[in-house]
Amino acid sequence: MSGRIVPLADAVAELVHDGDTVALEGFTHLIPVAAGHEIIRQGRRGLTLVRMTPDIVYDQLIGAGCAAKLVFSWAGNPGVGSLHRFRDAVQHAWPAPLEIEEHSHAGMANRYVAGASGLPFAVLRGYLGTDLPAHTATIAPITCPFTGETLTAVPALNPDVGIVHAQRADRAGNVQFWGITGVHKEVVLASARSLVTVEEVVDELTPVPGAVVLPGWAVTRVAHVPGGAHPSYAMGYSDRDNDYYQAWDAISRDRGAFTEWLAGVTA
Amino acid sequence: MSGRIVPLADAVAELVHDGDTVALEGFTHLIPVAAGHEIIRQGRRGLTLVRMTPDIVYDQLIGAGCAAKLVFSWAGNPGVGSLHRFRDAVQHAWPAPLEIEEHSHAGMANRYVAGASGLPFAVLRGYLGTDLPAHTATIAPITCPFTGETLTAVPALNPDVGIVHAQRADRAGNVQFWGITGVHKEVVLASARSLVTVEEVVDELTPVPGAVVLPGWAVTRVAHVPGGAHPSYAMGYSDRDNDYYQAWDAISRDRGAFTEWLAGVTA
Amino acid sequence: MSWTADEMMTVAAARALRGDTRCFVGIGLPSTAANLARRTHAPDLVLVYESGTIGAKPDRLPLSIGDGVLAATADAVVGVPEMFNYWLQPGRIGVGFLGAAQIDRHGNINTTVIGPDYADPRVRLPGAGGAPEIAASCGEVIVIVRQSTRTFVDRVDFVTSVGHGDGPGDRARLGLRGRGPVLVITDLGVLEPDPDDRELTLTRLHPGVTAEQAVAATGWKLRVADTVTTTEAPSEPELTALRALTGAKEHP
Amino acid sequence: MSWTADEMMTVAAARALRGDTRCFVGIGLPSTAANLARRTHAPDLVLVYESGTIGAKPDRLPLSIGDGVLAATADAVVGVPEMFNYWLQPGRIGVGFLGAAQIDRHGNINTTVIGPDYADPRVRLPGAGGAPEIAASCGEVIVIVRQSTRTFVDRVDFVTSVGHGDGPGDRARLGLRGRGPVLVITDLGVLEPDPDDRELTLTRLHPGVTAEQAVAATGWKLRVADTVTTTEAPSEPELTALRALTGAKEHP
């Protein structure tokens, strides 16, 4: 079973291919940033990137030219401001045009739920009266067969690869995470292949209040990457590096400064 | 806030009225049996009883004449056999006719999910090819607006009253339960009014691995009823009384023996 | 060691579970068989109970589907909606074990009512439980049921769970994901769906049982395979492990 | 003590939260206001963050919507799908706090794009996040936003979150559960929808601000209520609590 635990570079090389639909998730917490950097290093191109809250790591992937399309619900530097690489791609097609497919959080979360559930779509009370349905083809009305009420349907998200960061795995590849768990479980279960980077590999997963455990057989690969969520955090292991979020604003505003940052990652 | 915690008899008198739709849930574990007996004692009539797995306590409520209708997915004495009072009601209208609305577990669970979510219906891959849709009006086909695939819709369950048993509450009425949690959260959130009977009222809910906490403001009433799940169990507090499940078979087989049992409850 | 027909049936069912399969287990014979498999040849078998326990490793036979020992020893405990939606429905479970009050020649199962009139049943049974979606979504289904003309009927009175419908192509037409019943294990032998027309066919007999007995215990004209093999008798380790689980005294 | 316009805005927003309301809080000014309310006049206020924390009791201002202090002090932490489906969607949350890049005369909000062409925006904004469903499902909505002609526009370039649509009856027609924006709190004063036609109307001014200033900072011809009240200036306890939260030095 320990064959499930591999080095990060091997896992990314095995799982992520040009043109894939890839979701790196983590709602503020446990964002798999190191895995994103590895995708940049391996020079993947033409990815459809999926994420509820594209933030720094997606700004980096977009600026590095990995992405052809972004499926998302809120793209910003939380607490700081805009994502300048994302803006530059949408507004000026730099370094490449970026197609977008835009939803709300409720819609994205339910798309993952449908994906994890083996259903082709999910139903919610959402988007009604907004301008989103006019610009997003993946939002459609649906009628309740019992009450006749009109609600909204969104199609399932089933990424080729789902990637999250977690606190721990045991040697069999069972994964445990706690704190703000976001859509971690859903993205792993919705994806055809999955990678979980972890702070620590332990002999036994002792129970933790609020913890979610994903059995190893539901995960494709696990990689041991301490600090792999930086500048986000892993509750019980690290704190959020708020200064880095601030610093990113200046780096990302300028194509030159960004290119220099990028050289540092791919060196 | 402590006004939320009241004696069981008061809670049942306040929340459960003749003709109400009432769900007592608990998947093998944490079944609110004492609350069911209190409903019997208070002589409620014409109830629509909802429960995934009607077992002893529903056999008792049906035999006592409280129910006009049963909405369910599996009615049996788990590990023992049939529910004889349920059978007698369906086959011989004793003590009263019992209308039934029959689903599968997947359908019932999703009906509670829709109810808890404020949606009029849920979608699942279920019932296809079975004879259930021909006999249950609350099963309908629904078409995915994106793929054209036909799936199954079931309407939300929103009981007037949802009742569950739990391990603990704090004095503000926040409720905590762990182990097999079934559809506890869903039934409380789906119901217009709710009652949670608890083994213990504590000053503070210390975290427990695997525990679910329902904030007090999401619960209508809490009653302190140690042993209130007997003959089912409350993990960490009591064991399942398997002998009682066996013994119920003989009591319930015979109208006379049952009537004698009933006299003991209502005495 | 001698053994009963029920023990043979349980051992045969246990043997049908291989390696690290995920197995959706109901209480009763399926649970006994799955726990026996985990203690003998399939220690990595992942037991999944509809009460929400994934990867339970009970040290004794659970007495109900929601036995505390399941939650206490599981890799993960999830709510019932999650169990059906995230784990069963998408086809993550390899094998589903089902029982039956009636089973017909195409492996369709009835656990709802006996008699022609749903509204006025001759016998009211417990109903569907998790079975319809287990039968639909597991990679394959194994049925364990004692064989008699009362149970093995030409057409079930009520289709609670779809086996092979009316024959080839029906599962695909209905959009059911799994392969349906691949084995029906009884106290007499084993029936398998014919590869061509999906009719249940006698392919194996337990030691000491004749094809005539199996045919006589079936409510339709049971087809017998050209080659009928004989089940290997329960081994001493199998019986010892089984009796340790069930607490049964050594059989006379 | 003197105070800034932003401090006045935050204090006014905090005061709008009463008793044991459940409040859906976004990061930034809404979070500051909600935390201030909990520390001053509304200790039983239930803070709900879209990251999944219910009843968080942070001892400092959270720096992000998923700050560890929220999970560590919450009554319950749930997954994001559950937060939106079980807690927000059915209308369990009394008050939703929203910001805006643009807001129009009927309280509709834009946080998506500036400019007439969605496909080729003048400014690409972060997008919807949780806002459309917060605006739809909370009992009522309070908007906090600095007032300027750039932000207060006759018609938003993009409706990200519905306020009062095009006027009376639109929310009901759309099937939106909550009452929509009941207060728009700015650095100049407070706007409220007219009870009849739902147009945002100036009803209150912060101390030292004139109606002319508010009108001049609005991109449509702002209606001024017959009676415009004056906000009570921030009290010393309010300012002390606010500055303790934000770490701001005492103002000049």
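Per-chain residue numbering starts at 1, and chain names A, B, C and D are given in the order in which the chains are listed.
As a working rule, contacts are C-beta pairs under 8 Å (C-beta built on N, C-alpha and C of every residue); 3 or more make two chains touch, one makes a residue touch a chain.
Heads up on the chains, UniProt names are A, B = 3-oxoadipate--succinyl-CoA transferase subunit A; C, D = 3-oxoadipate--succinyl-CoA transferase subunit B.
Keep in mind the model is a prediction, meaning the values are calculated, not measured.
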Contact-richer chain pair [B-D vs B-C]: B-C
Rounded Å distance, subunit A centre to subunit C centre (Cα mean): 40
Centre-to-centre distance between subunit D and subunit A (centres being mean Cα positions), rounded to whole Å: 28
Sequence positions of subunit B contacting 2 or more other chains: 113, 118-119, 124-125, 149, 185-186, 210
Overlap residues in subunit D, where contacts from two or more other chains coincide: 85, 89, 137, 177
Pairwise touch network: line, ring, star, complete, or other: other
Chains grouped in pairs wherever the two touch, ordered by label: A-B, A-C, A-D, B-C, B-D
Of all residues in subunit C, those that touch subunit A in their complex: 20, 22, 46, 54-55, 75-76, 85-86, 89-92, 137, 177
Subunit D partner contacts - residues on subunit B that touch it in the complex: 113, 116-119, 174, 185-186, 189, 212-215, 217-218
Residue ranges of subunit A touching subunit D (in the complex, touch as defined): 27-29, 52-53, 72-76, 78-79, 82-83, 86-87, 90-91, 102-106, 109-110, 112-113, 124-132, 135, 149-150, 179-186, 210, 233, 235, 239-240, 242
Of subunit B, residues touching subunit A in the complex: 118-125, 138, 140-142, 144-147, 149, 151, 153, 155, 207-211
Contact footprint of subunit B on subunit C as seen in their complex: 27-28, 50-53, 63-68, 70-72, 77, 79-81, 83-85, 88-89, 112, 118-121, 123-133, 136-137, 158-162, 165, 170-171, 174-177
